[in-house]
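Presented below are the structures under discussion, each in the form of structure tokens.
Look at the two complexes coming up: chain A is in both, with chain B in one and chain C in the other.
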Partner chain A sequence: MAVHQIDITRDCCPLTYVKVKARLYALETGDVLEVLLKGGEPLENVPATAVRDGHAVLGVESRGGGIHLVRIRK
Partner chain B sequence: MDFVCDDAFLERYSRHILLPEVGVAGQLRIRRAKVLVVGAGGLGSPAALYLAAAGVGVLGVADADVVDLSNLQRQILHATPDIGAPKVASAARRIRALNPDVEVVTHAQYLTAANIADVVSRYDFVVEGVDNFPSKYLVNDACVLAGVPFSMGGILQFVGQTMTVLPGETACYRCVMGEPPTGKIPTCASAGVFGAIAGMLGSIQAAEALKHITGAGRPLLDALLCFDAAAMDFMKSPVRRDPACRVCGAHGDIRTLSDVAGPVCAGARRACAPDAPKTP
Partner chain C sequence: MGVYFDNNATTPLDPQVLEAMLPFLRDCFGNPSSPHQYGSRAKAAIEEARESVGALLGCAAERLVFTCSGTEGNNTAILSAVLADPGKRRVVTSAVEHHCVLRRLEYLRDHMGVEVVFLPVDGQGRLDLDRLRQAVTPDTALVSLMGANNETGVLWPVEEIAGLVKSRGALFHCDAVQLAGKEPFSLRTLAADYLTISGHKFHGPKGAGALYVARGAPFTPLLFGGMQESGRRAGTQNVAGIVGLGKAAELARAFLSVSGHEKLRELRDHLEGRILAEIDDVVIHGWAAPRIANTISLGVGGAPQEVLLAELSDRDFAVSTTSACESASVAPSHVLAAMGVPDRYLRSTLRLSLSRQNAIEEVEAFMVVFPQVVSAARRLGGGGR
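And now, the complex of A and B:
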């Protein structure tokens, strides 16, 4: 199991989740993707859409400054 | 790995990629797909535009005509400055402007029994949008014999009809319609056509091609979709393969292509009349 990272703090909807979805597509099943994102819309939508697509959200933690880290397992 | 995590790719196709039924895998299938649009007219225009917008890798356009002023009421690939130019030239220009990712292949010759097999066999899917019955039967027979899935489409006045065919597996145009009609048949040129329905039907054909490529949804197989835009009635009728079909039946006598002599027309109304399709 490998851990990968992606920073979408500079992206806007819908590219936020599209980038996450594309990274998840390229990973092996069981791999974890750590997503750095902003609060508000990305924090609301990215984890929810990942679950809709059949992935597991392992946790969400605040990194300060309105930035959050979401861990998603494919 | 066959995957380019390019921001422009992700942004251009984001609305597709977000769909669970398409996703990244489906969009990559679209990028690898080769689709031929036969006829750059009323149906081929919206079909080609949506296929180009969707990012089809290779988009073939076959048409031997030049743009005429009377085309512009519905053939939205072409514009007023294109009058007199080959339709494939204005089509290619418009498609490349819309999406430079798409490789456009133009076929400026009339497709005949002698050359159509070679052309359709280079593609994964064919969208038929021609304006006469001999050409419709030629496209049907060529795709069936080559094993290339295809969408048939026709419009006249306010009526449209379409079906999608998986050769050897589902009903083909000849299974449903029987022999080409003979005698005097109304055409778009003689009976008129409500321009916007070209967009309705050609868009359905593009959607069918993209569904086939991505595996999304259920294609319009073993079914004939007809609509009457005057009342905006839609009707989907089940159809079946004809065991005695001359081209896809087990004992069919059409094993090579030959041009079918007959009147030039684009009838959809006749075929949509309740008693016209040769439904089982």
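And now, the complex of A and C:
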């Protein structure tokens, strides 16, 4: 199992999940993607959409300054 | 500088439109309902814009109600028709309308007992007019159908449709948001009772649209309050936006009068031809149907659309998957699903929509990167057939 990172703190919805989804395609099943994103809409949408797409959200941590880390397992 | 091929979502403001609007964001700030020279100047500008939009659509200016969006126009038209006659509780529409029509009608069905018929389309996005004829029964209040589809660009014969619907005693609403300013048509020959347009789809500003209401067509305001828009739409008008809409209509009329849309079609066809020639396993949804001049709905077999979108975005090319509001949706496009597009292309479709501001150089620049983007996306998506 490999751990990958993506920073979408500079992106707005809907491009946020588009980028996450594109990145998930490149991962092996079981790999983890750590997504750094802003609170508000990205934090609401990205984990929820990941779950709807069949991935597992392992956790959400606040990193301060309105930034969060969402861990998604493919 | 990026390349913008997402003009069905919105278009860049024409510089001349911006110039026309600026005075109404600065010194000419009056409320058009006010009884002084500030108000009069704003009011005069609104009426001038109404004349200009009327000239584009081929209708009397007084038949136009300014709105804030295509969504507002569509909602107003549908409610007006449905509320008009309690004895008519049926609405006919299609499965491929914009969500502002579909969600409105679903609400009326679920909460007000209105019967809604969603007509299917064929594999090319075409409507079966015999089926439409059969669907318009004596208790049908309204038929609401779009002029051009926002995802595929497929055009419907709205003049023929309007004649058919009127002959059967129902009201006809045309969502012309993707049609107006892009293809020539005139309300002198299109017998619609209601027709919706939105300025930002043809180089006007966001927040300004118009609803045509034919003489004698039932009308109920969506917003009540003051007597703006002759009592048809309360609320202080968006003066600068309406002025911009008027200017955009004037420019669109000039564009169409010199067959600018045919030049745009040549550019679109050139791009389409290169894609078909240089990339295998691609399809153009609606290729066999008449289409507006600017749109390509492109299925790329084996290439996840999110990867295509993200890779192009990283290279500063702006395209979309389906409609702007649905770009990150998990569900596939309802338009493509209704057309029976095979799974291989259903979630692998990009919408490329051009405008009169695009140039051949941008098409060539796109084709430098697009084959590589497709190859990369196919590798991630599991590759070939």
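Keep in mind that, in the parts below, the second predicted complex is superposed on the first by the 74 of 74 C-alpha atoms of A that agree within 3 Å, B and C clash if a C-alpha of one lies under 4 Å from a C-alpha of the other, contacts with A are read in each partner's own complex, and residues count from 1 in each chain.
Criterion: a contact is a pair of C-beta atoms (placed from the backbone, for glycine too) under 8 Å apart; a residue touches a chain by one contact, two chains touch by 3 or more.
Predicted model only: the values in this text are computed from it and were never measured.
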Clash or fit (per the criteria above) of chain B with chain C on chain A: clash
Touched partner set for A:26, first chain B, second chain C, both or neither: both
Chain B versus chain C as contact partner of A:17, first or second or both or neither: both
Which superposed partner A:52 touches (first chain B, second chain C, both, neither): both
Segment of chain B that clashes with chain C, given the candidates 113-121, 149-157, 185-193 or 203-211: 203-211
Common interface positions of chain A, toward chain B and toward chain C: 14-15, 17-19, 21-23, 25-26, 49, 52-53
Of all residues in chain A, those that touch chain C in their complex: 13-19, 21-23, 25-26, 45, 49, 52-53
Chain C - residues contacting chain A, complex: 304, 306-307, 309-311, 313, 327-328, 330, 380-381
Contacting residues of chain A [partner chain B, same complex]: 14-15, 17-19, 21-23, 25-26, 49, 52-53
Chain B to chain A touching residues, read off their complex: 1, 3, 5, 7, 10-11, 14-15, 17-18, 20, 23-25
